[in-house]
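Multiple structures are listed underneath, in C-alpha cells.
Two complexes, one shared chain (subunit A), two partners (subunit B, subunit C).
And now, the complex of A and B:
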C-alpha cells in the first residue's frame, strides 16, 4: 500500500492505493502537485483510498473500490478504470462537502481574468471544447466544477485534467500531440475515457480568481459550423441551478450568488462543429465586448 | 498520526482544545469526528465557544471552513425535517391515532439542545399498531415506498419484527422508519404500547413527540438493545446533551418513565457511562439502584461496554477492543430475539458475510444499483 498527496489548490487530498495504475497516472497528470514525500506539516483536507476489492475478486476481473474516509459513494469499477474513478471520487468529495462555494457542474475558461462558464450535460462536446480552448490561448480553471465565491461573480480555479471520451480521445491526441494523457479507462459507463493534464500555465495560475462575464451552453452538432442564440436570464438561471451541486443545501446564499452571476453575465446557447469559430466568437462577443 | 481518545471526548466539554493541536494535526480530528457522525455537533459547540468567549483562541481558516461545511449540512437537515414532518403528518393524520416523531427527528423538531448539530439518515416515527397497515398505504399514496430488499430481510421485518421495511420518498429521497413500539415486539420486553401513549406531547407546531424524559429513556433503551455499535459514541453523546434538555439533576422524571416502561436497568447503564465518559456528576444512588437490579448481569455489561461506547477509528489510541465490540453486538441480537430465531438469523447473515469475504464486498449488490460516479447532483448520504 502506498500513500501520496495531491495538492490541487484549494484542497489537499491524501490518497492510499495498492493499484500501480493509479500511482503512475496521478504522477503523470498532476506532476508538481503530486508527492509521495509526505510532509507532516501539510494540512490534509480529505483522506481517500482507492484499492483492489478484497476476496477472489483480486484475481478474477479485479475491481477497484473508492473510499472517502470510510464512506463508499460508488460501487466498485473494473480495476483498469481506477484512475478515472479517483478523478470522479475527488469530484464527489468536493461536491458532497464544500458548501463555502456555490458549486456548478461546468467547465470554466478565462482570458484576461474574465471567465466563461460552460455548464452542459454529457454528450454536448463540452470537454472537447474545453480541451481545445485550454490549448489555444484560454486559461483552464476547471473542466468539471465552477467554485463560485459566495455573493460575488468571481470563480476560483480548481485545476484538474480534462476528461475526454470515445472519439474525442483520438481527436485530442492528433490536435495536441505534446499534451500529457493518462492511460485509457476502457468500457466505463461513458465509454472509453482518458484524462488530459491541464496545461502548465493553468496549473501555475491555480490561485488566480477570475470574474465571470459569460455563460455559454454548448451543443456539438456535426452539420453546423456555428449557430448562436442569445438566452434570457430566467432561462439561464434555471439551467445554472439545475447544474448546481449544492444549491439546495446552501439555500439563500446560493440563490443570491447565482442571481448575481446571472445578472452580470452574457448568456448564449451555441450549436457548433468548428472549435476555432467558437473561440473567435467568445473572444469578440464576450471577452472583448463592452 | 494517532489521537488520544480522552482528548477527543474532552472536545465535547472543551471545544477550544482543538486549537491546542498544531494545524496539520486537526484534520485527523475532523476525520474521526466525521466518521463517527458527530462533526456537525462539534462544529456547533465550537462556534458557540467562539461566540461566547471574550478572547477566543485562534483557529486556522481551513479547519473553520470544514466546520462551517459540516454545520451547514446539519442546519439544512433541520430545515428539511420540518418540511418532511408536515408532509408525514398530512399523510397520516387521517389514519393513525397519533404520529410521534422519535430520536433524531424529534430532537430537531423540538429545537432541543441535543438536536443542535445532530445529523441522521432517516426519520423514525411511531404510529398506532392497529393502524400500521393503513399508514403504509397512505404513505405510499404520498410518495413513500419501500425500496427493494432481499426476501430474507422482508421476512425479517414483516414476520418477526412486525414492522414495515424502511420507506423512501420517490422524489425527495428521504427515508422513514415506521414503528409501532419503541423496541421490536419480537423481544419479550417490549412495553405495552398503550403505556407509551401517556408520554406523547404536542409542540407549538402541532408536532407530536415523546416527552423529553421519555425520549431520554428511549435513547437509553435503543443504545443497550442494539446490535450495531460502530457509531454508539453518537448515542452516548446524545444522552449527554439531552441531560441539558431534561434539566433535572435528580432525574426524577426520567426515572419515573423508566420504571413505568420497565427500563430502569438500561437507564442505569446509560447514566453510568455518561458519567464515566464525560466526567459529569450524576446522582450515584440512582445509578447504583438501577444497576443493582441485575447484579451479575451489570458486571458483565459494564465490562463489555467499557470500550464499546467510545469513539472508534484507526487514528485513535488506544485501540478499542474488537472482542468486546463483537460481544456487544451478539448481546444486542440475543436480547432482541428469542434464541432459536437468533440462531437462524445469524446463520443467514453469516453465510452472506462469508460469501462476501471470499467473492468481494459487493457480491450481493445489484448491477442496476450502480451509482453513476459522474452524477454529483444526488445528495450525499448520511
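And now, the complex of A and C:
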C-alpha cells in the first residue's frame, strides 16, 4: 500500500492505494502537485483511498473501491477505471463536503482575469470546449466545478485535468499532441474516458482568483452555425441554482452569492460546432465588451 | 381553480426572501428554511400589486400566485402582525 498527497489548491488530498495505475497516472497528471514525501505539518483536507477489492475479486476481473474516510459513495468499478474513479471521487468529496464556497457544476475559464462559467449537463460538449479553450489562450480554472467566494463574484481556481470522453479523446490528441494524457479508462458509465492534464500556466496560477463576468450555457450541435441567445437574469439564476452542488446546504449565503454573480455577469445560451467561433464570440461579447 | 385565500389580501410569509433582478426580468423568492427557490417574470411592484388585489388577477397570473401559496411563500395577510414592507 502506498500513500501520496495531491496538493490541488485550495485543497490537499491524502490518498492510499495499492493500484499501480493510480500512482502512475496521478504522478503523470499532477506532476509537482504529487508527493510521496508526507510531512506531518501539512494540513490535509480530505483522506481518501482507492484500492483493489478483497478476496477473489483481487484476481478475477479485479475491481477498485473508492472511500472518503469510511464512506463509499460509488459501487466498485473495474480496476482499469481506477484513476478515473479517483478523479470522480475527488469531485464528489469536494461537492459533498465543502461549505466555504458556493459550488456550481461548471467549467471555468478566464482571460485577463475575467472568468466565464460554463454550466452544462453531460453531452453538451463542455469538456471538449474547455480543453480547446485551455490550449488556445484561455486560463483553465476548472473543468468541473466553480468555487465561488461567498458574497462576491470572484471564483477560486481548482485546477484539475479535463475529462474527455469517447470521440473527443482522438480529437483532443490530434489537436493537442503535446498535452499530457492519462491512460484510457474503457467502458465506464460515460463510455471511454481520458484525463488531459491542465496546462502548466493554469497550474502555476492556481491561487489567482478571477472576476466572473459571464455565464454561458453551451450546447454542442453537429449541424449548426453559432447560434447565440441572450438570457435574462431570472432564467440564468434558476439554471445556475439547478447546477449548484451545495445551494441547499449553504442556504442564505449561497442565495446572496448567486444573485450577486448573476447581476454582475452577461448571460448566453449558445449552440455551436465550431470551437474557434465560440472563442471569438466569448472574447468580443464578454471579455472585451464595454 | 383559484385558492380561497384570494378573497383577501396576501403577503409574503415572514422570513421569505425576495430579490428583484437589475435587468427587470423578474424576481426570485427564497425560503431559507427549506432552501427552496421560485421565480416570476414580473417586477417586484407588480408582484406586490398581486398580493394587494389577488381577486383582480387573470387566470394565468392567479395560477402563478396559487403556486406560490402552495409552495409556502405567500400567506393571507395577518393585519395584527403586519409591518410595512
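By our rule, the second predicted complex is superposed on the first by the 290 of 290 C-alpha atoms of A that agree within 3 Å, B and C clash if a C-alpha of one lies under 4 Å from a C-alpha of the other, contacts with A are read in each partner's own complex, and residues count from 1 in each chain.
Definition applied: contacts are C-beta pairs under 8 Å (C-beta built on N, C-alpha and C of every residue); 3 or more make two chains touch, one makes a residue touch a chain.
Please read all numbers here as calculations on a predicted model, not as lab measurements.
**Q** Go through the superposed model and pick first if A:43 touches only subunit B, second if only subunit C, both, or neither.
**A** first
**Q** With both structures placed on chain A, which of the two partners, subunit B or subunit C, ends up touching more residues of subunit A?
**A** Greater contact footprint in residues on subunit A: B.
**Q** If we overlay the two complexes on their shared chain A, which of subunit B and subunit C does A:259 touch? Say first, second, both or neither.
**A** So A:259 only meets subunit C here.
**Q** Classify the contacts of A:251 with the two partner chains as first (subunit B alone), second (subunit C alone), both, or neither.
**A** It touches subunit B and subunit C both.
**Q** Where does A:85 make contact in the superposed view: on subunit B (first), on subunit C (second), on both, or on neither?
**A** In the superposition, A:85 touches subunit B alone.
**Q** In the superposed view, which residues of subunit A touch subunit B and also subunit C?
**A** Shared contact residues on subunit A (touching subunit B in one complex, subunit C in the other): 248-249, 251.
**Q** What residues of subunit B sit close enough to touch subunit A in their complex?
**A** Subunit B reaches subunit A through residues 1, 22-24, 26-27, 31, 34-35, 60, 62, 65-66, 68-69, 72-73, 76, 79, 356-363, 365, 369-374, 376-377, 379-382.
**Q** Can you name the residues of subunit C that touch subunit A in the complex?
**A** 17, 19, 21-23, 25-28, 30, 32, 35, 37, 39-41
**Q** Can you name the residues of subunit A that touch subunit C in the complex?
**A** Against subunit C, subunit A makes touches at 232-235, 237-238, 241, 247-249, 251-252, 255, 259, 262-263.
**Q** Enumerate the contact residues on subunit A facing subunit B in the complex.
**A** That would be residues 40-45, 47, 53-57, 63, 65-66, 69-71, 73-77, 85, 88-89, 91-92, 95-100, 105, 122, 189-190, 243-245, 248-251 of subunit A.
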